[in-house]
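One chain, subunit A, links the two complexes that follow: it is found with subunit B in the first and with subunit C in the second.
Our next item is the complex of A and B:
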């Protein structure tokens, strides 16, 4: 890949330039990006690590900040909350996204399928605070369009709906509502990459719809499902805006320290303890980095050349 | 790898449609269970958006007692508008303006930075190229909330807290944009073309400006789209980095409004915000992204499938 067309290019032109600075143009093209990468990727990481291993007086403290974070009474409940949320979120994502993509792919009318994919995708525009606000309304029996449904489940007030036990499911609902549409589009695209001959052959051999989906389509989607799960897992560990806004709106039913990011935020800004905050950030960073790194190295998705 | 060749090739001309034409005659009604599932999810995805549109046209009383899916009145909409805009003296416009400022300035920087970088990664050779590519992939896959608290520590150390650049510059760092550009150039633009231009005496920058950039229009639009949406919808970073309400983008502003709604926060005093006003504010906050969505469906699909072209 180094020299694209050796046959059509006289060897002199590029190599003469390479004498004094090989790849000079390339370096100039990426210079601004590298500056940003260092300033907002590398430096904050290094900085967080530095803070995590020192105290307020800049003395090296080993793992004591990590110990302090881990022994905080809120830490393990936050880990538990995030873990429970992740289970709900990942399971629902895999089951429904794959299921819906398969159903959409079987629709004989391509117009309907396209329209549905777009409509499923619309809530993606409400990512962030907007989706949480919308769902605060959806979950409030006094104004919700599905209040009958909420009451049928025995919830008459907003407070009952957002009881602490329900939160993992509710955050899953919100995350699924905003995020699933995009993944359905991706899965649908991946399904289109499966050669129609293969499905036709299965059909001729007498495979039922279920067998085709289970034995052919889903195995061929595996790579994409893994991609989705990895990204959703990494994103899910960072839960912040949903519990934060919900804790504002529910008068403390959902605590300000529900998730790990909230706890880190609280340590930094409520307790003025940036070192412990940094320790939690480093832990979350390690999760993000390891997940991303392993995925880049092992998935074959991004063969860097 | 078709395993069975006994079948006459089924409609190969339309790879995207698995249904071969001959099925058209015997087209079955859709499986009722499948149709039901699709419709239920349609309701799930669309109902809240529809409700939100209608809620802005109602009074709080209509919101509670009226049919949830009825239209209120233009009059109520105008009242909500007046009440919302008078909240903290036009704060909503200030927030929308801030969002636009942060998103667009960051978008401009992102394009100036990411397009050349992606181009260089795909089309040129230089020392450290592979390292940079791998670093880009790793950072791209990390959720953007990961670095928020560390970023605060860094920005605090260089005394930029409260400056708009503390938001704009981190937004401008957009590895996904670099990756998309890289994919685009390495798959859609032949290296021969670049080599030929160089042969004709073009300098490296001349090649970029006169050959690569004119070919890059689709990718500029795509990166611009994703960068804009990501910046506009970001909550955590501005929430942590911006100390003053006057600097909030609209996403964080919505949180302030939420705090002033008595039904959600009973301790609120006289500056109460009614729920339909909050719904209207939410609508205003999402309108730019929604408009971009409606007009660029094609980009969306192309961008989200970017990985697929690399298979």
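Our next item is the complex of A and C:
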């Protein structure tokens, strides 16, 4: 982390203080992060792994907690729910984020680009739970500002809107609305990093807008897309706030025991079985790591160009 | 292209760091939530001889919900010598499990338990006894003469194998609420049997379409209708055993009554607490079977029904049934901590808050479980002039008629109904057709809570 050093001593500043530890500022910055990482990242992870392989009496139990989780009547339906949600969420994220970022990038010259960038980002600035609450109002025909639209689709009550079949789409809508704005801004930044001479060369060679996007811009965005997918996948498997809040808002009609994280939460807090809860969270960790590993390996994420 | 390489190199490393941080942070958040809660399985049971901790006196910590806050404050005002720390929490409303979560955490850290807790749920002892949290109350802590003052059966949810582990705050026996002026002007008789009730519903459908004789859209629909119909969906036969049979004649007769009325639209499928119901149906209620607290909480506060309209009658019964039975929707409980270092003051508060006329009779919004306070409470209701008839007689008569065959298990029957039957009802399925599905769901949830399930 010595790269941070020049930043702490801008060129031209007279160095009157004696330098006894050249990289100390950098180390200090990193140290704070490392302490937090260990306290809230590494230790709980290790603790959870320990819990996952032991019982309430701290005896080693092998995989029995994993078996207990997998044989619970809610487990496979939760896996199915999360998988379906992930498909909806990742596909819509990649298609719309890249599409909107490209559009935004084409609008660079006009002032609308700045306004749109800001607009896209606003929902992301709301805290996750708050923005889900906004949606709970949006989806209730009796209070929604778009109730006419909901009624046009044939939904007269909140209960009809949150029917079980609609949930993957609803959660995708909520997640996209809250999370995609930030990614659009990131993709836009990445598009700005593509040297203009490259795009100009393409234009001179007669590439259409579509060809430029498909053959130049998107391939150069590949790593960013992979990065987004990895994070969105990890976030998506941990689906919790959306169904949990929906479940509370609909007093348990929709979204109860929907995701794996909710199941883990139920095990921990309703069944008083923190070991099985830990087993589920370890499974989620492993799935997230494996998928990230595959994506990184297949995409050459860490290769220098 | 050197610029390009360096730029993407920088991106890669920052991306890597952020990816890692994001992953770890996400995982950490989940794991922290999971691991923060200990597995309170280690809390020793208090079933045997109760051994109080060393009594050092001091502050009595009391947890109440917002509705019960005036109770604690009133006690503090009347007993200034008792040191109290009054904490408000959600009262475990809607089965939030806040109390259970915290107690398992306190069991792990071995400190922090409140001395007295109010819960709006009446099934807390199903976990709290096992967690060693609740102190027994009928082993010399509270005199038998006081305990015998509760309405018959009121403390059933608090009793585990003969030992009393909590005190019931209020009762939630069901009665038939109705709009008296409307019934009179339309020339309808208040139904005494479910058969009459259904027939009246069919008349309303043709004579006054749009008006309602009840709602089947609440989570507590099974507790209002199926409990009252003696449907054996929730017969808790032991601390960890339950008998479930949702397809007996007692269940299907009520389910088909509901289906008939849902079909002719005199029975709503929305919850009385939904914004939809308040907006579209609140002024269309002719009758509504519901618990004792519907009068104050739903009609008076939520729907703002004007005074002089709402009246109460005994809940209809099935024709020829010799033993009248009603359902029950909630009714809170008070728990005394087995870890309290000031049992004297804590017990005194507990006794006062559940039995005193000053609170239960005159302030409490719900029908007091303590019979003497209930008398005062009923007199207060009559003098309020809100109701169109004397609600005291039907409420008092219903109090001991709550059918005892419906138990109080650790799993939430309301939550099971909500996620299993309500979506189907919204989608147009009949309740009768969903009874087997309901049985499977109850069985599954009961088993996952460690219950032996029989049919």
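Going forward, the second predicted complex is superposed on the first by the 246 of 305 C-alpha atoms of A that agree within 3 Å, B and C clash if a C-alpha of one lies under 4 Å from a C-alpha of the other, contacts with A are read in each partner's own complex, and residues count from 1 in each chain.
Rule of thumb we're sticking to: a residue touches a chain if its C-beta (ideal position, glycine included) is under 8 Å from a C-beta of that chain, and two chains touch if they have at least 3 such contacts.
Bear in mind that the values here come from a model prediction, so they are computed numbers and not experimental data.
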item	value
Touched partner set for A:72, first subunit B, second subunit C, both or neither	second
Subunit B versus subunit C as contact partner of A:195, first or second or both or neither	both
Touched partner set for A:213, first subunit B, second subunit C, both or neither	neither
Which superposed partner A:101 touches (first subunit B, second subunit C, both, neither)	neither
First (subunit B), second (subunit C), both or neither touched by A:277	both
Which superposed partner A:56 touches (first subunit B, second subunit C, both, neither)	second
First, second, both or neither for A:143, with subunit B first and subunit C second	both
More subunit A residues in contact - subunit B or subunit C	B
Which of subunit B and subunit C A:129 touches, first, second, both or neither	first
Touching partner for A:182 - first (subunit B), second (subunit C), both, neither	first
Overlap of the subunit B and subunit C footprints on subunit A, listed as residue numbers	37, 40-41, 44-45, 47-48, 51, 140, 142-143, 158, 190, 193, 195, 227, 230-231, 234-235, 238, 240, 248, 250-251, 261, 264-265, 268-269, 274, 277-278, 281, 284-285, 288-289, 292, 301-302, 304-305
Interface residues, subunit C side, partner subunit A - complex	1, 3-5, 7-9, 11-12, 15-16, 19, 21-28, 30-35, 37-42, 94, 97, 100-101, 104, 127, 131, 217, 219, 269-271, 273-276, 279-280, 414-415, 418-419, 422-423, 426-427, 444, 447-450
Residue numbers on subunit A that touch subunit B, as the complex places them	2, 4-5, 8-10, 13-14, 22-27, 29-30, 32-34, 36-37, 39-41, 43-45, 47-48, 51, 96, 99-100, 103-108, 110, 116, 118-130, 133-138, 140, 142-147, 158, 177, 180-182, 185-186, 189-190, 192-193, 195-201, 204-205, 227, 230-231, 234-235, 237-238, 240-241, 244-245, 248-251, 261, 264-265, 268-269, 274, 277-278, 280-281, 284-285, 288-289, 291-293, 295-296, 301-305
Subunit A-touching residues of subunit B, taken from the complex the two chains share	1-4, 6-7, 9-12, 15-20, 23, 27-28, 30, 34, 37-38, 41-42, 44-49, 51-52, 55, 63-64, 68-69, 112-114, 116-117, 119-121, 124-127, 129-130, 132-143, 145-154, 157, 169-170, 172-173, 175, 178, 191-192, 194-196, 198-199, 204-205, 208, 229, 233-236, 239-240, 251-252, 254-255, 258-259, 261, 263-266, 275, 278-279, 282, 285-286, 289-290, 293, 297, 300-301, 304-305, 307-308, 310-311
Touching residues on subunit A, where the partner in the complex is subunit C	37, 40-42, 44-45, 47-48, 51, 56-57, 72-74, 140-143, 156-160, 163-164, 190, 193, 195, 223-224, 227, 230-231, 234-235, 238, 240, 248, 250-254, 256-257, 261, 264-265, 268-275, 277-278, 281, 284-285, 288-289, 292, 301-302, 304-305
